[in-house]
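Two complexes, one shared chain (chain A), two partners (chain B, chain C).
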Partner chain A sequence: MVVDPSEFITFNEWFPLAIWSYAKIVLLLLSAGLGICFAIAVVRHGPTEAIYIISRAVTGFFSRDGVQVSPRRVIALAQLAIKESLRRRVLVVFGVFVLVMLFAGWMLDVESDNPARLYLGFVLTMSNYLVLALAMFLSAFSLPNDIKDRTIYTVATKPVRPLEIFWGRVLGFITVGTILLVVMGVVSGIFVHRGLDHRHQVETTSADFDSELKRHSGETSRDAHHRHDFFVDEETVIGGEIIGTTDPIVKEHRHQVTLKEDDSLQIGRPQGSLQARVPIYGKLFFRNREGQAEDVGLNVGKEWTYRSYIEGNTLSAAVWNFSGVDETKFPEGLLLEMDIRVFRTSKGEIEAQIPGEIILRNPNPKPDADPARQACMPIPFAATEFAASEVFVGLDQLKFQDVSGQLKPLNLFEDLVDENGQLEVWIRCRERAQFFGMAQADVYLKAQNNSFWMNFAKCHLGLWMQMVLVVLFGVFFSTFLTGIVAMKATLATIVLGMFSGFLADVHSGEVAGGGPLESLFRNTTQQGVTTDLDVSEGTSAVMKTTDRVYLRSMMLISGHLPNYPEFNTIRKVAYGYDISHHIIARHMVITFGYFLVLSVMGYFVLRTREFAA
Partner chain B sequence: MDTPEAVDSEQQESPDDVSDQQQSPAPAEGAEGEVIIETRSLTKVYRDFWGRPKVRAVKALDMQVRRGEIFGLLGPNGSGKSTTIKLLLGLLFPTSGQALVFDKNSTDVSKNERIGYLPEESYLYKFLNAEETLDFYGRLFNMSAAQRRSRTQQLIDLVDLNWAKRRQLKEYSKGMTRRIGLAQALINDPELILLDEPTTGLDPIGTREMKDLIIKLRDQGKTVLMCSHLLADVQDVCDRIAILHQGELKELGRVDDLLSVQDVTQIQARGLTPEAEEEIRQVIERHQGELVTMENPSTTLEDLFLKIVRESDSASTAEMTEK
Partner chain C sequence: MNRNSPFVRKVIYISAIMLLLFPLFVLGQPGSTSSSGGKLSRLRESYGLSQAQLGDIDPVSVSMQLATFGMRGVAVNILWDKAARYHKTEDFDNLSATLNQITKLQPHFLKVWEFQAHNLSYNISSEFDDYRQRYHWVKRGINFLIDGTHYNRDQPRILQNVGNFIGDKIGTPDERIQFRELFQEDIDFHQSLSLEEGIDTFSRRSLGPTGTPDNWLVSWQWYQKSENAVDPLGQRALGKAHLLFFTLKPKTLISFAIAIEDEGFLDEFGREAYRRAAEGWNELGNREIQTPVGISVRMNDIEIHRRAVRDYRNDIIAMAPAIFEEIQLEREKQLTKNEQEAMALPAAMRSMDQRRQADDAEFKLEITNEELIERFPDDLKLRAMELAAEASKKLELAYAAEYCRGTVNYDYFKMRCEVEQLKLATDARQAVRQADEFFVNAELEKARTGYERAWVMWGEIFERFPQLMDDPEAEILRQSVGNYESLLAQVEETIPADFKLRKLIKMYEMDRLPEGFDPTGGARSQ
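Moving on to the complex of A and B:
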C-alpha cells in the first residue's frame, strides 16, 4: 500500500509546525477581512465613523456575542435543522444506500483475490460520497431558504446571536450526518461480515492421513468461489483440542481445522481477512553499490519515483532505522512485513522469487563493544512481488561469526538494539543484475494486530470529520450566498481540496499537457501532451502565462482548503492497516481549526448582513 | 368610517365588547411617558447590486413612541411602514440616522429580549405544529421547559387554537396562521410589540378579536407599534399615529386630535319627531349656523356583520339548549 510520507510525522512533530502555519493564515484572513470592512465603512460613513464601526464590531464579538452563547438556543436551532432535514427527505439517502447494498452482490467481483479489500473499499467509499453529498445539500440550502421564505425574520428578531444561528445549523446537520453515518456503518459492517463469512466442508475424497507424521491433510470443498488445502497434526493440541489450519492463505484468509473425537474434521470460520495491522515504520536511507550512504536509491527509469531501487549482489542496501524496539513489544523476535518490488534486467525464470537477505545492525554500538557482535549474520528471504510477505526473525536465529569462524548466538536487545531502542534493518538483493525497489512504508515491524472493528470505527471517524468540514463550509457559504450558489461553492471546496495534489503536479509540470487553456488547445487541435505546442512563441507564452496565473491562484485557494484525501483512511482499512492515533489527532485538530475560523467568519457575515434586504 | 364615539349603542351593552373599550380608551400617557422607540433622522435607501441608490424608502424620520401607547404607522403601500419596523427590529440597517429601541441601537440583539414581533405574513416553520412552534420560540428566549409548557398552553388558549395545536402549520388557514403568529410574538410576554399589518388575512371576527387583543395588551401596560394601510384598524385602536407617504412623515399626533373637525358640531338624538327636527333647523338658522346634514346615521358594515353573526350564534345556541 502506498503511504503518504506525511504519515511518518508524529503528532508532536506536526503540531508546532501546523499551529504556526495556522496562526499565519488566521492573521492574514483577519487583516484582509478588517481591511475590506474598513474600506467599505470609510466609503459609506467616513473614516472616523468607520473606525468606530469596526472597533464596535470587534469588541462586540469578544465582549458579548462570542462569549454569551446560549446552549439552549443553539440546541433549539439544531433541532429545527434536524426536523427540517427530515422534512427534506434525508432518509432518501439512506434508502439509496440500502438499495445499493441489496444489489451490491451483482456488481462486485466475486472472484476477487481479496474480497475484504473489495467489500470494504466499496461500502466505505459509498458511505463517504453519500454522506458528503447529503451534508453539502443540507447545509447549503437551509439558511438561504429561511431568508427566502422570511422565516428568518421570526428568529432574528428574537435574542438570537449570529454565532448561535451558525452553530445551531452546523450542529443540526452534523447530528443528522452522524446518525446517518452510524447507521450506514452498522449496515456496512453487517454487509462486510456476512459477505466474507463462509464455511467449507472437508472434501472426503481428498482426505489423507500420514501415520508417520501423524498428520491429516486434504482439501476443503469449494465454497465462496475458492477452496483450501489443509493439514492437522495430531500433536498440535491447543486448549484440549487438536487444531490444524488451512494452508496457504487463499483470498487473504485461513480457516482453523479441528479434529473431533469421532475423527471427523471440522473447518471453522475464516480468519485474518479482517485485520488491523499496527506497523512501526522506520526511517529509510540507502547505501549505494560502494556501500556509501545516500538519501535515495537508484532510479530504474520509472516515472513514478515513490520507490527507489538497490542493485543485486553489490554493497547496495536499503536501511531502515527503527525506534522504540524493546523486549515488551517483541518478546519472541521481530516480525517484519515487506512489500518489495522487483525490477528484473534478465528474464531468467519469470515466476522464480528473487532472493534477498536481512541484516540486523546496531546503529550506535557502545565504544567498547565487540565489532563482530554489532550485526547479525544475513537472514535469507525471497521477495514476493505484488504481495506483502512476512518474515519472522526469531531471537534464536540471530548469530554472529567469531574470529574462529564459528557461529555464536546474539542477543537482539543487548547487542543489536542501542541504548535508545534503535535498530537498523538492512535489506539487500542477492541476485546479480536484479533490483529491489522499496519505499519507506514497504518494510515495517509489526507489533500486534489491533481490533479490526475499532479500525473500522476510526475510518468512520475520518468520514465524519470530512462531513463536518463540508457542513461547515456549506453553512458558511449559505450565510451570504443563495442556496444553489452556496452549494456550488461548497462543491468547489470539495473538488479543490480533493485535487490539490493534482493541481500542484500540473503547475510543477509533473503532469504533462499544461493548464486548462493549453490542454484545451491540445485537445481541440489533437496535439500530444508531450510535444511542443504548434503555435507561435507569443501565443504559447500568453497561453502558458494565463494557465500559470490561473493554476497559481487555484493552488493558493486549494492550499487553504481541507485536504480531503488526507482524511480518507478507507484504503488503510481496506488493506488491513491500523489507523494511527497520530493521524486521527491531526485530523481532529485540523477540523477544529476550520471550525473556529469558519465560525468567526460566519459570525461577522451574519452580523453585517441585512436579513430583510 | 365611524369614530369610536359614533359606534352603535347596542354594542355598548356588552361589557366584554371591544366597542366598550373603544368608547373609552385607556388614557395613553402620550408625550409624557418614557420613550420606548425613538428614531432620529432615520433614513433608508435601498441600493442595487452596484451600490447605486434605487429607492429611498424612509426619509429622515423623526418620531417617538412612548410606554403604554398604541402607535400606528399609517400609509399606502410602499410608504415605508414595514421598512421602518424592520429598521427598528434590526432586520435592516439604517443608511443614515438612528433607530433606538429601549435606548439601545436597533442592531443590538439584547433589545429583542423585550420585544415581540408579528411580521406582515406569519413567516413560521410550516413543518412544526402549534405547540412545537411556541416551544421553539420559547427556547430562543432561553425559557425553561416548565415556563415554555405553561406559556405555550396559555397562548394557545388565548388565540383559540387548542383544537388544532397538534396540526402542522402547513395545514392551517391564513387566519389560524396569523393567530399562531401572534402567539409567537407574545411568547416572551414582551414590553413592546411590533405588529406589521396585524389584521391582514383575518375575517371580520378575527379582525375584531385582534383589535380587542391589541387594546387589551395596551391596557396591560405594553407598548404597541403597528403599521397598517387599513384606516379603520388604525383609527379603532391607535392612540397616536404617524402618516407616512413615499417614506416621509406627513402627520404625527393623537388620533382624536387629528380627526376632530373643530368648526362642525355633531348632535345625535333618538326619538325626535319631524316637527322637532324642523324646530332644530330653525334654531340653527337663528344662530347663523349652516346645517350641513340632518339624517338617520348608518352603521358600519363591520358592525352589521358582527351583529348578524352574533345573533345567528345566539339563536343556534338557544336552539341547541332547547333540544
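Moving on to the complex of A and C:
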C-alpha cells in the first residue's frame, strides 16, 4: 500500500510543529473574523458604534458569553436543530445510501482480485460523500432559513447566548450526522461481510490422498468466481481436529479445511480478507553499488518515483532502521512483511522468483562488541510483488560465522538490537542484472493483528471528524451569509481542502497544462498540455502570471483549511492496515482546533448581527 | 390588459407546445411490432444503431448513462484520467474497476475496449514478475474484450482481437511454454468460453495433442466467429487491411503446427496439424481479397492471370508476326557490341558488369504491346488494342495477387506446410533434435551418428525443395551445423567433402543474415 510520508511522523513529533502553525492560523483567522465583523458593523452602524459593538462583543465573550455557556440551553437548541433536520427529510440521504447499496453489486467488479478492497473502498467512500453532502446542506441553510422565516426571534428573544446558538446548531447537526453515520456503518459492515462471505465444497474429482505423506489434497469447487487448492496433513491436529488450509492465498483469503471423523473434508469460511495489521515502520535509506549510503536508490525508468531500486549481486542494499524493538513485542522472533517489486533487465529463469537476502544488523554496536556478531548470516527469501508476504525470522534462526568458519547462534536482542531498541534490516537482491524496488512502507515489522471491526470503526471516526468540520464551516458561514451563499462557501472549503494537493501540483508544474487561464486557452485552441503555448511571449507571460497569482492565493486559502484527504483512512481499512492512534490523535487535535476557532468566529459574527443584539 | 390575458397566454403556450410536439412525434416516435416508428427510429433501424442491434442491453450501463445527464463524455474523460493515474501508481484493482465504469458509460466505443484490453493484457501483465500473475492479467484483458463483444455484437474487429489475444499473447511471448500450459490447464476458462461464448473448447477441433484445449485452436474459433460476422453488405467495416484480416485465421493454424512441433510432437500429430494448416492456407489463396487499390483478387489465381497475359500477348503478335520480327531486328541492331556479347553468354557465366549490360540489353529489346500496335495496319489496330486492354487488366490482377502473396509470405508458408506434412521432414527434425540433445549431454558418438542421419534427410529435403535454402528453414539448422562442426573438430576432423549441406555452410560463411532477421519467418514473432 502506498503510504504518505507524513504518516511516519508520530504524534509527539507532529504536535510541537502543529501547535506553532495553529497559533499563526488562529491569529490570522481571528483578525480576519474581527475585521469582517467590524466592517459589517461599520456599514450598518457607523465606525464609532462599530468599535463599541466589537469591544462589547470581545469583553462580553471573555467576561460572560464565553465562560457562562449553559449546557442545558445548548442541548435544547441542539434538539431544535435535530427536529428541523428531520423536518427537512434528512432520511432521504439514508434512503439514497440504501438504494446505492442495493444496486452496488451491479456496479462492483465481482471478479476483482481483491474484493475486500473494492467493497470497503466503495461503501466507505459512499458514506463519506453522503455524510459530507448532508452536513453541508443541513448546516449551511439552517440559520439563514430561520432568519428569513423570522423563527430565529423565538430563540434570539430568549436569554440565549450567541455561542449557545452556534454550538446548539453544531451539536444538533453533528448528532444527526453521527446517527446517520453509525447506521450507514452498520449497513456497510453487513454489506461487506455478506459480500465477502462464501463457502466452497471439495471438488470430488480432484481429491487425492498421499498415503506416504498422509496428506489429503485437491481443489475446492468454484464459487464466488474462484477456487482454491488445499491440503490437509493428518498429523496437523489443532484442538482435537485435523486441520489443513487452502494454499496459496487467492483473492486475499484462505479457508480452513477440516478432516471430519467420517473422512469427509469440510471447508470453512474465508479468513484473512478482513484484517487490521499493525505495522511498525522503519526509516529507509539505501546503499549504492559501492556500498555508500544514499537517500534514494536507482530509478529504473519508471515515471512514478515512489519506489527506488537496488541492483542485484552488488553492494546495493535497502536498509530499514527500526526503533522500539524489544523482547516483549517479539518474544519468538521478528515477523517481517514485505512487498518488494522486481525489475528484470534480462528474462532469466521465467519460472523462478528472484532471490534476495535479509540481514539483521546492529546499527550502533558497543565499542567492545565482536565485529562478527554485529550482523547475522543472510536469510534467503524470494521476492513477491503486489501483496504483503510474510518472512518470519525466528530467534534460533539467527547465526553468525566465527573466525573458524563455524556457524554459531546469535541473540537478537543482545547482539543485534542496540541499547535504544534500534535494529537495521538490510535487504539485497542476489541475482545479477536484476533489481528490487521498494519504498519505506514496503517492509515493516508486524507486531500483531488488531480487530478489523475496531479499525472499521476508527475509519468512521475519521469520516465523522470530516463531517464535524463541514458542519462547523457550514454553521459558521450561515451566521453571516444567506443559505445558498453559505452552502457555496462551505462547498468551496471542501473542494479546496480536498484538492489542495492538486493545486500544489498544478502550481509546481507537476500537473502539466498550466493554471485555469492557460488550460482554458489550451482547451479552446486544442493545444496539448506539454507543448509550448502558441502565442506571443507577452500574452503567454500575462496568462502565466495571472495563473500564478490565482494559484498562489488559492493555495494560501487552502493551506488554512482542513486537509480532508488526510482524514480519509479508507485505504488503510481497505488494504487491511490498522489506523494508528497517532493518526487519530492528530485528527482529533486538528478538529478540535477548528472547533475552537470557528466557534469564536461564529460567536463574534452572531454578536454583531441585529437579531442577537 | 384585461383579466382574461393570463388565460389567453396559457392557451397560446399550450397550443405552441402542442404544435412543437407534433414534429417531435413525427421524428421521434418509437417503433413497435406493427409500425416502424418515426424518422429517427427508421434511420436507427436502417443503420443498425439501436441498442438492441448493437449488442446486449445492460440495465446498469443504461442507468449510468442516464444518471450522467448527457455528461457522460466528461465523466468518461475524468475516469480515463483516473485510470491512467491508477496505472501509473500501480493500483491495478482500482484501474480495473475504473475501466468497468468507463465501458459501462461508453459500451459501443470499440477503441476503448481494444485499447484498454491491450493495456491489461500487454502492459499491466508485464508489470508482474510471476508468470502466473502475468497470465492472470493477460486473461483479464481477454475477458475484458469478450465483455466488449457482448455490447458490440457481431463486430468483426473486436472478435478478431479476442482471437489475436488468445493466440498471440498466450502463444508467442517469452513465457509461451508456461502460458500455453496454464491455458491448457485452465478448465474454468474453457468452461466459461464454452458455456457463455459458444466456443467449442472441448471438441476435437480445439484439442491439442495433449488432449486439452490449445490456445491457437481456440483462437482459430474466434477468428472464425469474426469472419462470420463480416456481413456481405460491408456495413461493418474491416478497414483497409482485408488481406491481413483474412490471413490471421489460417496463420493461426500454422502457428499451432509450429508450436506443437517445437514442443516435440514430431509425429503424426505434427503432420496432421500441417495438413490442416495447408488446407486453411489454400482456402486463403482461394478467397477473393480486396486490395487497398480497390481490386479484388484471389492469390491462387496468379498463374491464371499470368497465363492470360501471355496468351493475349501471343494473340497480338500472331495478328502481325512480321511486324513483330521487324521491330525485334531493329532493337537488336541498337544493342552495343558489349551488350551483344553479354547477351550471348549464359547467365551464370556473366560478370557483374556483363550482368548489368545484359539487363540494359533486355530492357532495350522489350517490345510493349503499345509499341507493337502502333505499327499495325489500321484494320488490325482496333482488335489489337482490345486485346492489349484485356492483357493490361490481367496484368494488374497478376500484380495484385503477387502483392498479396508477398505481403503475407504466401509462397513460403505454402511450401512449408507442404514440406512439414512429409514424414521425411518430421524425421529430419527429430533426428536433429536428438543429435542436439546428445551433443549437449556430451554423447559425441551418438550425436555424430544422429547428425549424419539428419543431414542425409535434410539433403533430400533441400534437393526436393531447393527454395527452402533461401528461407528461414536453412537458418534454423545453423546452430546444429555449428554443433556438428565443433563435434568433428574434437576428433580432429573437418566437415567431409561430400557433406550434403555444403551449400548451407557457404551461405553461413557469407553470413547473409540481415539485421533483425527472424529465422521463423515471422511465424513466431514476439
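Criterion: the second predicted complex is superposed on the first by the 578 of 613 C-alpha atoms of A that agree within 3 Å, B and C clash if a C-alpha of one lies under 4 Å from a C-alpha of the other, contacts with A are read in each partner's own complex, and residues count from 1 in each chain.
Assume a residue touches a chain if its C-beta (ideal position, glycine included) is under 8 Å from a C-beta of that chain, and two chains touch if they have at least 3 such contacts.
Here the structure is a predicted model, which means the values were calculated and not measured.
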Open item on the list: In the overlaid three-chain picture, which partner chain does A:Ala76 touch, first (chain B) or second (chain C), both, or neither?
Closed with: first
Open item on the list: Taking the superposition on A as described, I'd like to know which of chain B and chain C A:Arg287 touches: first, second, both or neither.
Closed with: neither
Open item on the list: On the A-aligned overlay, A:Thr384 touches which partner chain: chain B = first, chain C = second, or both, or neither?
Closed with: second
Open item on the list: Contact-wise, after the overlay, does A:His587 reach chain B, chain C, both or neither (first, second, both, neither)?
Closed with: neither
- [ ] Pick one for A:Arg277: touches chain B only (first), chain C only (second), both, or neither.
- [x] neither
- [ ] Could you look at A:Thr151 and tell me whether it touches chain B, chain C, both or neither (first, second, both, neither)?
- [x] first
Open item on the list: Help me check something: in the complex, which residues belonging to chain B touch chain A?
Closed with: 46, 86, 89-93, 109-110, 112-113, 115, 117, 119, 121, 123-125, 127-128, 136-137, 139-142, 181, 184, 188
- [ ] Would you pull the chain C residues touching chain A in the complex into a rising list?
- [x] 59-60, 63-64, 88-94, 96-97, 100-101, 104, 128-131, 133, 136, 143, 174-175, 178, 188
TODO: Spell out the residues on chain A that touch chain C in their complex, using ranges where they run on.
DONE: 2, 103, 106-109, 111-114, 117-118, 121, 222, 227, 303-304, 306, 341-342, 344, 347, 350-351, 353-354, 383-386
Task: Of all residues in chain A, those that touch chain B in their complex - done: 64-65, 70, 72-73, 75-77, 79-80, 83-84, 87, 149-161, 610-613
